[in-house]
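A, B, C and D are the chain letters, set down in written order, and residue numbers restart from 1 in every chain.
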Amino acid sequence: MFEFASDNSYLMPAHFGGAPLSAWTYAEVTTVGVSYRTDGDALSAYVPQCFEITEPVLEIGYALNRGVEWMAGAGYNLVAVNVPVRYRHEAQTLTGSFALVVWESNATPILGGREQTGIPKIFADVADLQLLGDRMVGHVSFDGSTFLRVDARKTGELAAGELAELNQQQRQMNWFGWRYIPRVGGPGAALSHPTLYPIEYTFNAAWRAEATVDWTLLDWEQNPTQAHIIAALGRLPVREPVGMVTVGSQVIRVDAAKELTW
Amino acid sequence: MFEFASDNSYLMPAHFGGAPLSAWTYAEVTTVGVSYRTDGDALSAYVPQCFEITEPVLEIGYALNRGVEWMAGAGYNLVAVNVPVRYRHEAQTLTGSFALVVWESNATPILGGREQTGIPKIFADVADLQLLGDRMVGHVSFDGSTFLRVDARKTGELAAGELAELNQQQRQMNWFGWRYIPRVGGPGAALSHPTLYPIEYTFNAAWRAEATVDWTLLDWEQNPTQAHIIAALGRLPVREPVGMVTVGSQVIRVDAAKELTW
Amino acid sequence: MFEFASDNSYLMPAHFGGAPLSAWTYAEVTTVGVSYRTDGDALSAYVPQCFEITEPVLEIGYALNRGVEWMAGAGYNLVAVNVPVRYRHEAQTLTGSFALVVWESNATPILGGREQTGIPKIFADVADLQLLGDRMVGHVSFDGSTFLRVDARKTGELAAGELAELNQQQRQMNWFGWRYIPRVGGPGAALSHPTLYPIEYTFNAAWRAEATVDWTLLDWEQNPTQAHIIAALGRLPVREPVGMVTVGSQVIRVDAAKELTW
Amino acid sequence: MFEFASDNSYLMPAHFGGAPLSAWTYAEVTTVGVSYRTDGDALSAYVPQCFEITEPVLEIGYALNRGVEWMAGAGYNLVAVNVPVRYRHEAQTLTGSFALVVWESNATPILGGREQTGIPKIFADVADLQLLGDRMVGHVSFDGSTFLRVDARKTGELAAGELAELNQQQRQMNWFGWRYIPRVGGPGAALSHPTLYPIEYTFNAAWRAEATVDWTLLDWEQNPTQAHIIAALGRLPVREPVGMVTVGSQVIRVDAAKELTW
C-alpha cells in the first residue's frame, strides 16, 4: 500500500512516488530583457498589498532555456512579466521581483512552477528568437494569435567590470509569486499566500540594447482564458524602454523556496 | 487595489480576476475505451486507502474532445487511466472511477483539472486517432517517444436499447482524484485529499470493439518526469481487454466537484 | 545497383523505391466553404492565360481531412483558395477550379501535391475548427501570426434532393494547378505547365451558412516567404460571401491527374 | 496579366511573383556529426551510378540552424545522411557528399531544397539537442515514433591549427543530390538528374567526440511514407563511429547550384 515518504516532495499524480526537492542547473540561458516605466497606480491593481512597488516599472524577461538538468538536458522558452518590489513583514525586508505572469512554451515546467513555488505560469507559444544581425526579435502567441512582440538591437557589450557588477547584483534574485489554489467546487481559496523563489544567475556576456515592446489585445475567441491578462498588461503605457541581452546559466532553487507570511 | 470577490473562483495568476465556477459542455466527444483485468495487489499500490478497488481492472479512456465551450469551441485530446472504485466514509458510499493519471495534449485544461478538481493531468502528445476502416488507432508520446498505443476494431454497433442502457449508467460518472499540492521548499503536503468530479455523458452511438493496449517503457532521458509512472502502469499485466467506441457529448461539472474527507 | 522500375512513380529520395500511382480515399472530410465575388481584373493577374475565369469569384475551402488512406488513417487540415475557370485548348474544354494557393498543416501531403500534381501547396498552421453552437470558425497562421479567418454560421441543412444535386455536381471536381519547377542555379523554368487533378466528393450532409472571411496582411518578419501571396489575396475585395458546410468523404485521383498543354 | 520575369526564379505558387536566386547566410549553426563505416555493397544500392563511393561510410549530420537569413532570422533543425562520393563525367571530377536523405523539422526549407537543388528533404521532428554535461543527444521522430538517435560526448576541443585545417577543408562543400520530379498521372520521370549544391562552412570551434547512432525501424502505421527509407538505412551495419561537434555559420549557395549531366 502506498505511503508518502516523509522526506519527499510530490506532484500529482502523487501515488507513483516523489523525490526530495533540489536545486537544478540550466546550462545555457539566453535572455532579452526589456524594462519600461508605466503607470504606477494602474500597475498596483495587480500587485498584492504585502509587496511595495519600488519603481513603476514592468520587466519583460524573454528567455531561451537550454540544457535544463531536470528535463534531461532539453529546453523551453519563457517570457516573464515582473515588477520590482519590496516585501515587508514584521522585521523582515526582501527586495526582488514580483511575477505578474509567466508564459512558457512547455507544460511540464508550468506545473511545478505553479504548484511548488507559486509562480503564475501559463502556456503560450514563446517562439525561438529571430536573429537578424544585431537584432533579436521574439514573439509570443496563443493558438496562432501573437499578443507580445519584443525587439532588441544590441548597441554595445558590457565591459568586464560592468559584467562583474551585473553578476554581483543578480547572483541571487528574489523572485516573488503568489500561490493560489482554489477551493474545490465553490468560491474562495484553499491556499493563498506569497512565495519566495530564489534564482541564481551567472552571466557570461551581456549587451546593452535599444528595445521595443508591443502588446496586441486578443478577444475571447482568440484566447479565452488569458485575454483579460493580456488586456490588463497591454493597456499599461510603455515609457522609456531599456533593453539588455545576456547569455549565461542559472540555478533554480526549488529547494530554497519559501512560503511567506502576510 | 486588488480584492478577491467572494463569489469567484481564481486560478494563478489570481490578481487579474476570476469567475464563478460553472458547468461546461463538450459538444463532440469521440472515445475509444479499453478495459482490462490486471493484478489487483500490484494495482492497489497506486490507489489511496479510502478507495476500495471494486474490480482489478484498468480502464483506458482515449478521447478526442471537440467544441469545448470554455475553450471557445477549440479541442484537445486526452487519455485517462482509471480504476473502478468505491469510496466510503462514515455513512457515505460512492461508486466511480479513480484517476491514476490523465495525459492531455494541451496545457490549459491540465492546469484547471489539477488545481480545481485534483485530477492528476500531465502533458503528452495524444495523437488524433488514425482511422483505418473499422479500426481506430491511438498513440501517446512524449517528445517523440511513444509509450502507449491503443488499437480498437469495431465489431458491432449497440442497438437502441443497449445504447439507452449505457446512457442511463453513465449519465453521471463519479470521477475521483486526489489533490496533492506540496509544501513550498520542503517535504510534505500543503493540501492532500481525495476529490469527486462529476462528468455527465450523453452517447449518440456506441460500438463494441476488439481492442489491444501496448505500453512501452521509456528511460529517464526520453521522459524524465513521467518514466516512473509509465513503468508502474506498463508493468501491470494486460488480461482480457474489452473495447468500446463511442461518439457523443459531455458536461464537466466543475461547479459540482467536491473535496472528500478521508 | 538501383534501377527505376518502369511502372512506378517516384518522389525524392527516389533511390529507396517507388510505387505505382493510385487513387486514395479520405474517409472523413469536414469542409467550410466560403465563396465571394471580387475584382475580376485584379484577380486575373494571378491566373494563367490558358484558364478563363468564369466568374470573378474566390472560393475558400477550409477542410479537416481525417482517415487519409495513404497516411495510414491519419489526418491534416488545409485551406484552398480557388477560382472558377474554364480551360480551353484546341477542341478540349474543361470546367473546374484553379488553385491559386493551398495552405496545409502537414509537410507530407504538400510534397506530393506540388510535385505529382502541380497544386501550389505551402505550409501554414491550419487550425482545427472551433465549434461554437451553429458556428464553425477557422483560422490560418504562420509562426504565430494569423492571416486568414473564416467564420460560418449554419442556417439550414440541405434537403435530400438538394444534397443529391450537390453530389451530382461535385461527383468529380476538376482541380487545376500549374506545376512550376525552376531551373537549378539560375532563372527560368525546368517545368512549367498546367495540370488537371480530379477529386471525387461524396457529401453525407451539407448546410447553407452565413459566412465571413477576414484576411490580415503580414510583414516580411512575420512570414518571409508568403507575405506577398497573402498581400495579393488580402487586397482583393470581399463581396457577397456565401457559405456552405459539408461532411463527407473524397477520393483523390493522383492516378488520373494529367499534364495539360497550353 | 501575369508574366514571368526573365531574371527571376519561381516556386509554386509561381503567379504571385519570384526573385533572383541568391546566397544566404545561416548565422549560428551547431552540428553533431557522426561518421561510420558500413557495408559498401549494400550502400551502393542507394547511390546513383554517376557517383563513385570513395569510402563505404555514412555521414550523419545533425544540425541546429539559427539566424537563417532567408527565414527572417528564424531557425530549423535537420539531419542529413550523406555518403562520400566522387562525381565523374567526361573530363570533370568533383569530390563531395551525396545526400541519401535529409530530414528537416520545417516544411518551408524542404520545398526549396527539393525543387531548387534536388536535395531529398522530407519532414520529421528533429528535436533540439539535449545538453547533458559534455554530451549532446539528438533524436528524430515522426508522429511520436523515434527512428534515429545520435549521442555524442565531447572528448577534446580542436586546437587552433586543427580548426584552421578543418575550415580549409570544408570552406566549400560539394553537396550532391538527385532531382527527381515524376510525370503527372503515370509512371516515369519528368525530371531526373544529379545536382550540385555548394555549401560554405565557417567553424568557430570544434570538438572530437565519442559517438553512437541508433536506428529504430518503424512500421507502415507509424510512418507510412518513410518506413522503407528508415529500413534501408537502419539495416546497414554501424562500424567504428567517429563523432565531431562544431559551432559556426554557413552560406548556402542556391545561386551556384548546378544541374549535372550523367
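Quick notes on this one:
The definition used in the following text is that a contact is a pair of C-beta atoms (placed from the backbone, for glycine too) under 8 Å apart; a residue touches a chain by one contact, two chains touch by 3 or more.
Remember, predicted model here, so these are calculated numbers, not experimental data.
Listed by label, the chains touching subunit C and subunit D alike are A, B. The minimal number of chain-to-chain contact steps leading from subunit A to subunit C is 1. Among the remaining chains, A is positioned farthest from subunit C, on the basis of C-alpha centroids. Our note on geometry: subunit B versus subunit C, Cα centroid distance of 38 Å, whole angstroms.
Inter-chain spacing, taken between the CA centroids of subunit B and subunit D, is 43 Å.
Chain centres here are Cα averages; for subunit A and subunit B they lie 30 Å apart.
Annotation for subunit D: residues 72-74, 127, 130, 132, 137, 143, 221 touch two or more other chains. If you sketch which chains touch which, every chain touches every other chain without exception.
Listed in rising order, the residues of subunit C touching subunit B in the complex are 27-28, 66-67, 72-75, 127-132, 135, 137. By the touch rule above, subunit A contacts subunit B in their complex via residues 1-2, 4-17, 20-21, 44-49, 70-74, 99-101, 106-108, 110-111, 114-123, 143, 177-192, 195, 220-222, 224-225, 228-229, 232, 254-259.
Remark: subunit A residues 125, 127, 130, 132, 137, 139-141, 143-146, 221 touch subunit C in the complex.
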